[in-house]
Amino acid sequence: MEQLLIDLAAVLAAASPLVIAAMGETLSERAGVINLSLDGTMLLSAMTGFAVALITGNLILGFIAAALVGALVAAVLGLFSLTLGQSQTAVGFVLALLCTDLSSFLGAPFARVPGPSVPFTPIPVLSDLPVFGPLFFRHDPVIYASLLIVPFTAFLLYGTRLGLIVRALGERPAAVYARGVDVTRWRYAMLIAGGALVGIAGAAFSLDLKQGWSYRHTFGSGWIVLAIVIFGGWRPWRVALGCYLFAALELVATRSQSALPDIPTQIVQVAPFVLMILVLALVNLAASPAAARQVMRLPAFWQRPLLAAINRLRATAPAALGQPFERP
Amino acid sequence: MHIAVEHLTKRFGAVCANDRLTISFAAGQIHGVLGENGAGKSTLMKLLAGYLQPDEGRILFDHAPRRLSGPGDALAVGVGMVHQEPLDIPAFTALENLLCAAPPGVFRSRRAAQTALQELAERLGFPVDPAARLDQLTVGQRQQIEIMRLLLCGARVLILDEPTTGITAAQARSLFTALRQIAAEGRTVLFVSHKLEEVAELCHTVTVLRNGQVVPPGQLPMPQPQEYLLSLMFGEAGAEPPIYRPLPLIDAPPVWELHRVTARSGTLQLVDLNHRFAAGRIIGLAGLDGSGQQVLLRLLAGQLAPDRGRVLVNGRDLTGAGPIAFRQAGIEYLPADRLRDGMIGALSLTDHFALLQGRGALVDRRAAEEAARQAIAEYQIKATPITPIAALSGGNQQRAMLALVPPDARGILAEQPTRGLDVASARAIWGRLQARRDAGCCVIFASPDLDEIMEYSDEVIVCFAGRIGPPIPRALLSSARLAELIGGVGFDALVEAVA
Amino acid sequence: MLWLRQLPDRYTRMRLDRLKPLASLTRPLLALLAAFVLTTIALLSSGVAPLEAYRLILFGAFSTPVRLSDMIMLAAPLLLCSVGLSITFAGGLYNLGVEGQMIAGAIAAMVPLRLWPDWPPLLLWLLAGLSGAAGGALWALLIGGLRRYAGVSEIFAGLGMNFLASGLALYLVLGPWRRQTSASLSGTDLLPRELWLPTVDRLRLAPAAPVIALIALVIVWWALTKTRWGLEVRAVGLNPAAAARLGIVTARRMAETLAACGALAGTAGMLQVVAVHHALIPNISSGIGLLGLLVALLARADPRWLLPIAVAFAAFTVGSIQLPLTLGIDSAIAGVLQGALVLFALATRARR
């Protein structure tokens, strides 16, 4: 029991950058823009955040710098895709590679240098609660933020007027335009806000989880976040669940390493990525029309619950995701 | 609200869509705007609703000139436009649609919005469920919701662009009642249409546009003689009598045979179909949208595999064989959205003919270009063999799609074959389809336009709520009877009489 | 996944481009200028004299015969990958799995070389080539399968398969195929010398590699522009629904483009084994596949531009290898220049 709590708390901690980045990506994809540059953005902002915090000695400044970098990359993506009409996929991919190389080049002096990190700050009183205390209240501020941002994003999207506009931007931008909203400006806003979150997630790597900067130290997490957003059907709670699932897989992999010393570390590091894509494939397969057809062949007794389950699994992308907006 | 335009001009390239228009629309009335496709109706409406900005001239709202920067600005002034395909968000509920980007201060809360919606729905006689997702509703219901949204957001002028296309007769009746009510409350209604009967029934005044100008200058009070309006719309050469040739082909071999077929698509299920579709005739599918016409067409094209039963094409069992096998058996499917599902916009007619060559590892460009040239001459397509399809006009695209139907096709399935075409192009398309019919092809088409069904079908099949009626010879059918059947009146009796 | 189908059909546009030679030159020059401005800013911010750095990046690859041959040996797999990707781009697919296909090709090529090292080299090279191409194609088909049957977009399926391929390579290098002395991350034991692809004396140049790449370029250019298959692939890439209506089996064409691209990437992987590293190393693909994506994007998958761009990019990468030693800066600046070039080239293609 004790061990399980520690493990679960570790999963929450390890997933914190992923959750923050995934919420940022969910926000921009809900508004209809796919930010494929995630991995590069996270690396560049992780490097910048670490460098700024190291030079100024101020963690807050580090996080602000990282958020600005994320916002800037998102703005560049917006300029090229929303304003200049290029494919979001192509621009995002190029930005991902460009930012990765920029982070390696500019970050060379900061690689493997000891630096500041976010201090452990258990919350008084609450941290002494049984079960909940060690699980939720013995972390650092970044992890608390990652726990709060999920309900916040869900509320923003589903509980506010702003959320209605954001979702409509991804579903049918022409309708939002007809209601007097400047589609491009709002898509920029969501893309940049999401990008800033991705930047903060990058800093959460270098200033918190990994406590330092090294080449390509996100190890492709940005790409996995993109897959998780799809897995989560663009719904914040499910997306967060995907992030925690991934972190749990990573933990299991590390654990199994001590149990099975023959397997090389590198393979253990790769395994969660492969498993995550496998999960994505299985979920999609289960929710496919082919699966529904198979279910229709079963006795009527089983059809109803199974079809309901399939419908719950099915994730429909925002209808206008990735498409350029043309005025009606 | 009183609206006036003065010397309003809008050009698209060399085309002058609106040429120094000067008109005014009084408050509290329903104003018809008539004209054939391309006459400039839509441009004028988009200028009034802020979707377009004029090159010259000005618009006056209650006698005060005002430049509109966009549709939101127009709604703030009090102008709301209902598009043919309502500009709403299908993934949202009716209530969410109402709340999304509503002007600040209009709705205090979700509950207030819901109450306002329900009250207005009651006043206008529109049944509405605020929690229903729009993608589960028909176009007619979505249109009602859009009208209510605009009114609740403060529209004092309501512009409706071809509102009766794609909705049922019953919905059209309730729309007209509501529009009269809206006008009676002091609002202005602009009713854009090319259907004379509707304008005659509903409107207090009429404005006729031809080639971007008002003819004769100014509004006409209704009623007006129908022939006069027709001559205004089409010029003196208009109003040809419809072509109708009954074909006495009785024992033609069947192209399709359905044996006890059950098929499902989405929420719609077609049960126990037994039909024979004979060669050498044109069969019109009539019905409200979503009554089963599309499902039947997809079933006959092989795109939808039946859950039970057998589908025979030219006597061969092709149940579940897939669209490619159907195509090889001589079945051609012409989708309504030509550029999305029909042809490849970036490729030319030559490329399309090359794709159809079928055999051989290399493309025979010369033969393909020759075929394209022939098609262009024969079908009077305004294009060169290497013009990308996307650069053609709608009518020319439709002709190109027909030209691509192989000469040995046995069955043609056309979904709204004249959608978005002007009268002349539509006639030309029908001339082609009739020639195919005369060559022994079975043409099955679906159209929301009952006039088109009545004018061109040899037999009519009525679809009602997922049930497919028996084929009725056109000669035995009147427009009024068809309208009843579509609404389900007497449908059961018809089915039983045949059984 | 509609957003994947926004690549224009160059083959239709080419005619229009030819009409305006001047206008079609100013935009690429603008992109070039912007890319150099960005790279210069990066260089200045790390306190290096930009001119010296550019001299090395741009011309370093041509300074000695050894470097020139290194450049050619990098350009060959790069060209193979970008040629393969121009097929998938024509088919409307973003094949980010090209990296994994290269690794799979390298692994598959190792199989006959390890099984029968005593066979005649010519036969073994042929077998390795076939096996490498087949391995890459198979890896790519798995992506096609995931896309078709499980609805995973080829982008993520490709990335997942990349992770899987590199995991597999690692496992082989550290596990069953480890060095006889001790397992090492530096790779398997070197192949027997007679199995290395013939190399020019004192250079690391194996002339067969660029020849294979050039042959592939010509064949693919011919296949995409002249054959029915190429026309059908383009039709599927531009509008799958309409292509299906015209009687093309779209799923099959997509699978074929993926397999063709995978086979070419697999061949590139095979060359990495028999002509460059002479062993299987964990990082056998060295990012060449993703760089190939940049090349294909910059060339708009136009076969006429693939060769010069692949050579230029290979030159940048080889030239920048000297940077850490001579100027003390990281060689990733070549990647910055390459990425910036593609980015700004995309920008100057904006519709007006």
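A, B and C are the chain letters, set down in written order, and residue numbers restart from 1 in every chain.
Keep this in mind: contacts are C-beta pairs under 8 Å (C-beta built on N, C-alpha and C of every residue); 3 or more make two chains touch, one makes a residue touch a chain.
Quick caveat, the model's predicted, so the values are computed rather than measured.
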In terms of CA centroid distance, which chain is the most far removed from chain C?
B
Which chain has the mean of its C-alpha atoms lying nearest to the mean of all protein C-alpha atoms shown?
A
Out of every possible chain pairing, which has the most C-beta contacts?
A-C
Centroid distance [mean C-alpha coordinates] between chain C and chain B, Å:
48
Whole-Å distance, C-alpha centre of chain A to that of chain C, is 29
Averaged-CA centre spacing for the pair chain B and chain A, given as whole angstrom
43
Interface residues, chain C side, partner chain A - complex
1-4, 6-7, 42, 45-46, 94, 96, 146, 149-153, 155-157, 159-161, 163-164, 166-167, 170-171, 174-175, 183, 185, 282, 290, 293-294, 297, 329-330, 332-336, 338-340, 342-343, 346-347, 349-351
Per the touch rule above, chain A residues touching chain C in the complex are 34, 36, 76, 79-80, 83-91, 93-95, 97-98, 100-102, 104-106, 108-109, 220, 223, 226-227, 230, 264, 266-267, 270-271, 273-274, 276-278, 280-282, 284-285, 287-288, 290, 317, 321-324
Going by the contact rule set out above, which residues of chain A touch chain B in the complex?
161, 164-165, 167-168, 171-172, 174-181, 296, 316, 319, 327-328
Note: in the complex, chain C contacts chain B through residues 8-9, 12, 15, 226-229, 231-232, 234-235, 238-239, 241-249
For a test of understanding, state which residues of chain B touch chain C in their complex under the given definition.
323-324, 327-328, 333, 335, 340-348, 351-352, 354-358, 360-363, 386, 388, 404
